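Listed below are the structures to be examined.
You will see two complexes here that share chain A, one where it goes with chain B and one where it goes with chain C.
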Partner chain A sequence: MGNRWVAPKRLLFSNSIKMDPQVIIIGAGIAGLTAAGALAEKGHHVLILEKEAQPGGHVAQWDRLFPSRRPGSEVLDHIRKIMDGRVEIKPGIRINGIIAHDQDFTVLTEEGTSYTGQALLIASGFRLFQAERKEEYGYGIYDNVITSAEVETVFKQGKKLLTSKGTLPQRVALIHCVGSRDEKVGNLYCSKVCCVTGVKQAIEIKEQLPQCEVFSFYMDMRMYDRHFEELYFEAQKQWGVQFIRGRLSECSEAPDQSLIIKTEDTLTGRPLRMIVDLVILLVGFVPEPETGKLVEMLGLSTGEDGFILPSDEHYNDNLTTVPGVFLAGAVKGPATISNTIADARAAALQIDSWLKTKP
Partner chain B sequence: MKDFGFTVQLDHSIDYDAKDKRMMRYVLYHEPSLDWCIGCGSCTATCSAGQFTLFNIRMAHTLLRRGETEKLKQELKKCMFCGKCQLTCPRGVNLRNVLLRINRAIELFG
Partner chain C sequence: MKVEGKRRIWKDYQKEIADDRYFYVRSCVRQNFFPASEKMFFRILKEELGKDIFENAAHTTCSGIGYHSDVVPFETTMTMVARQFALMTESGYQNFTTSCITSFGLYTEILETWHHFPEVEARVRENLKKATGREFDKPSNLSHASDVIYKFRKEIGEKARYRLVNKQTGQPLRCVEHIGCHYSRMFPGKGVGGAEYPYVLAGMIEEWGGEVIDYPERRHCCGFGFRQYLIQANRGYSLSCSKKKFDSMAPYKPDLILTNCPGCPMFLDRWQYTLSEMEGTTYGENGQGIPVLTYEELAGLVLGYDPWDLGLQVHQVPAEPLLDKMGIPYDSNRKFLNRDGQSMGRPKAPSFLKFY
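So, the complex of A and B:
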């Protein structure tokens, strides 16, 4: 393990008193970046290991954020401004081993390099539910069935939302709870962000295409956070988005590539079918499979939902059962961006006090 | 017609595209607050007519949305226009005007 970068960095940060406390953060999404910034502000030397080529995580893919519809890039830029020049990010890293010593952790990568730090923060986030798994919705089979993530890409590129034929959609259906609250795919939990994302995207579609009819198929509208209910009201009041209570049961393609959707209109108690030009699946969170490897390497525990369990859900929700290993963000389950940022700052505080009390 | 000893069951489902939505458009145009409904059922729970008949104003609204005109016509006859539904609505929907407008829409398009 001759590749420890500890020595040169210590020279660089020679204003610190004794040995530099070093934190290795796994994941350069908003959780990892926020925690890195907060730790750097406290004078700690931080290294982030990221599996993708670019930092930013999922937020880098989103156009505008709920509920205020501010650009996602604005939030990301702010977080990066805090940590810029003070935090080192290694992109394209694949971890294949972690060795826990008495005082530190050594992370081994597939490339054969290794990094050692005194604390480890797991901020490796989540993955979006693969919509193909709900085969009755026809994602990957019918061209006009797309996901909420693809809608963000269209908006981010400043393009118009079009059907596969390149025409303007006259009627769009947003489908809630895709991959969430669904025992069939093994996900009993609610993904927390899809309801409000659906309302936000419904408004954005109406903004872009005022003539387009927008329908939202939901089981309940979970508008739990601040300004969410107001956004829902705005969608009804200002934009005429129509909400039909019923879960989509199946989707089939008509010869002209429009889609026939079937649901129960639970408020009339009768089956309902409707032809739409575009179906948007609001995909939920699933645990990141790569995180599962870290869980095994470190001997951490997960809940039935597959997300990592903190050592105490109320008092120590950034701590794990392994001293020196911390958690931040969506590794613990579905979370909004604002919740993730707050959680990452809390994790940074926990790490800071832990490093200070270390013998 | 020859009796073959069986009947054909009509499709019970709502075919949204086959329905006439003129009444819905008329009512929404004249009473846009109907768009604010969240289907909570407060109106139906408090409804005077609903205590004695099967009248369900929450359902009547949904029938209007789906273009189920025939059923809607039968339903509306039960309303007494007492306005209690409007007092209890958490979204502030002007339900008395909605009901008046549905009746007018029935005259116009029904």
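So, the complex of A and C:
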């Protein structure tokens, strides 16, 4: 049965559907891909609809992953092997309607095509916080203010982290909680991955630029998961990264395009002004706007944070209030890659169980 | 720096500004500090733009200085503001325009308070009625006077006799814009351009031919801050604030500083003199200071009004270098004459700051 789904060798896209899928997955990030692989392994026909041109979601853009710093591509390759030849992915799909029937769902696209499946898994992930919204940090205005995602792009391309003038930065400031735990931008939640991403990137900068001083400005260091605390210690003891407890108040540009940042060292209770060459904003998660449309189409609910609410946060974390509609990954809120993969597998089991018991 | 990044933010903070029939309330201090500015606002609106602007002689302070100094309770302040609104209502106007930034911030704060706590508004209405017998409508539009000049910056630009361009070099004048803290920091959505990159003054500068300087301490307080200045022991901090700004802007060689608050031009102007006397430091070229102007004064210069009719002679930092750059003629012999042509007396020249 699995041979009917053509995606030879890599996550290539097929233009034809051999038969109606049993499960339609919206989103080809790690949640969607993992769930697809797990469902395919159980013999289900799976179709993934992806809005981007390429699958892989945010992980495909990320160089190395915390805490082990393994390449993100390794994780995607692993998922790809499970899926190979068994799952079809439709790229560049814009959904403009979902019709729920008694026994199945029909997904309508802007291109005028439709896809019908018995179960629907929403795995459309998240969007990175638009750093421009923290206006006082000057992203999009000052050339040397960049985001953590841009740092990953530089590393992924095997390039050196440079200032806008092409010089090696002598001082870099990493700013935590950009768009997270911030009432001013309306996001009260923690994005869960930024603290450890900041620690990882601080180490990577020191590895690449040993002469560079690296400062991390944080509210709390939330090193909650396995190996996180060890990484945090490594950054301090082995690499000399300086962690300063204080939230950035503003960033300005000096005549030489270096940046003047103002904050408070809340452990010493002193205001602090510092000149750095680069400011890296550790941007958090926000709900994907396209997902909001799905929520409306299906009559689902979101929390105050804008992420989708499952039918029960403890017992039915992958289920929604609509039978046959399931959730996986960061559509429910910020999550690490490990958590997302585990959650996607759990969703696949729930869908498998539901398809088997379906009248 | 990418200006388009700022323009993107400016788009998000556009406010509605009434286009006619303004009920105007004055500032407590501007008539002393910069006496011609408010008069010039009337002249520009009435004579240059043909607008209806009215003030009621019975209007008072908004009590903002007392409120922010913790000597006037908020309940009292709200009732005084309600009385101002009653005067507007009785005068047949709906568009409320303030001369003072602190007042603008306070009116905004009170209207927001009433919006979120209608029971407070009801109590204030009752208090006002009991105390004065007055009733009021809330303004349908609240603007600061700089908003109004911003709104008509193009019309003023079309009538301009002089532009913010160095007549000798043909280059745009380099302008620092300094926004009063109470303009948009408390309510970014109530100010043109928001709180971080306000556009209300930058828009005037751009329209009239100048170039806006973005310097590192652009957001820093001018040093007025009621608690910094009203408490004598804190005045060193006030001076430090201004010095920090001057030190930060000086490398950009600004030709002028444009302000929209009663306190900012006062302190950015007077403290330049104080710093020059204390340290021998001047921030302009060749011992000159950096002229500090209100938006009405700058609009008046652009429109071709006589600099001495605009009150520029009462500035501590002489405006002559700016007038020379813009090619504006002036009669030095008239500088210290009053409106009746009598001498007001020539002030003693500072020790370091170049005097004209």
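The definition used in the following text is that the second predicted complex is superposed on the first by the 338 of 359 C-alpha atoms of A that agree within 3 Å, B and C clash if a C-alpha of one lies under 4 Å from a C-alpha of the other, contacts with A are read in each partner's own complex, and residues count from 1 in each chain.
FYI, contacts are C-beta pairs under 8 Å (C-beta built on N, C-alpha and C of every residue); 3 or more make two chains touch, one makes a residue touch a chain.
What you see is a predicted model, and the numbers here were worked out from it, not measured in a lab.
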{"item": "Contacts of A:Ser301 with chain B and chain C, given as first, second, both or neither", "value": "neither"}
{"item": "Which superposed partner A:Leu267 touches (first chain B, second chain C, both, neither)", "value": "first"}
{"item": "Touching partner for A:Glu250 - first (chain B), second (chain C), both, neither", "value": "second"}
{"item": "Partner chain in contact with A:Glu132 - chain B first, chain C second, else both or neither", "value": "second"}
{"item": "First, second, both or neither for A:Gln54, with chain B first and chain C second", "value": "neither"}
{"item": "Partner chain in contact with A:Ile141 - chain B first, chain C second, else both or neither", "value": "second"}
{"item": "First (chain B), second (chain C), both or neither touched by A:Gln242", "value": "first"}
{"item": "Residues of chain A at both interfaces, chain B in one complex, chain C in the other", "value": "none"}
{"item": "Chain C contact footprint on chain A (complex, rising order)", "value": "132, 135-136, 138-143, 250, 252-255, 257, 260"}
{"item": "Sites on chain B touched by chain A in the complex", "value": "12-17, 28, 32, 35-39, 58-59, 62-63, 65-66, 68, 91"}
{"item": "Chain A-facing residues of chain C, complex", "value": "1-2, 5-6, 8-9, 194-197, 214-219, 251-252"}
{"item": "Chain B-touching residues of chain A, taken from the complex the two chains share", "value": "221, 233, 236-237, 240, 242-243, 245, 265, 267-268, 270-275"}
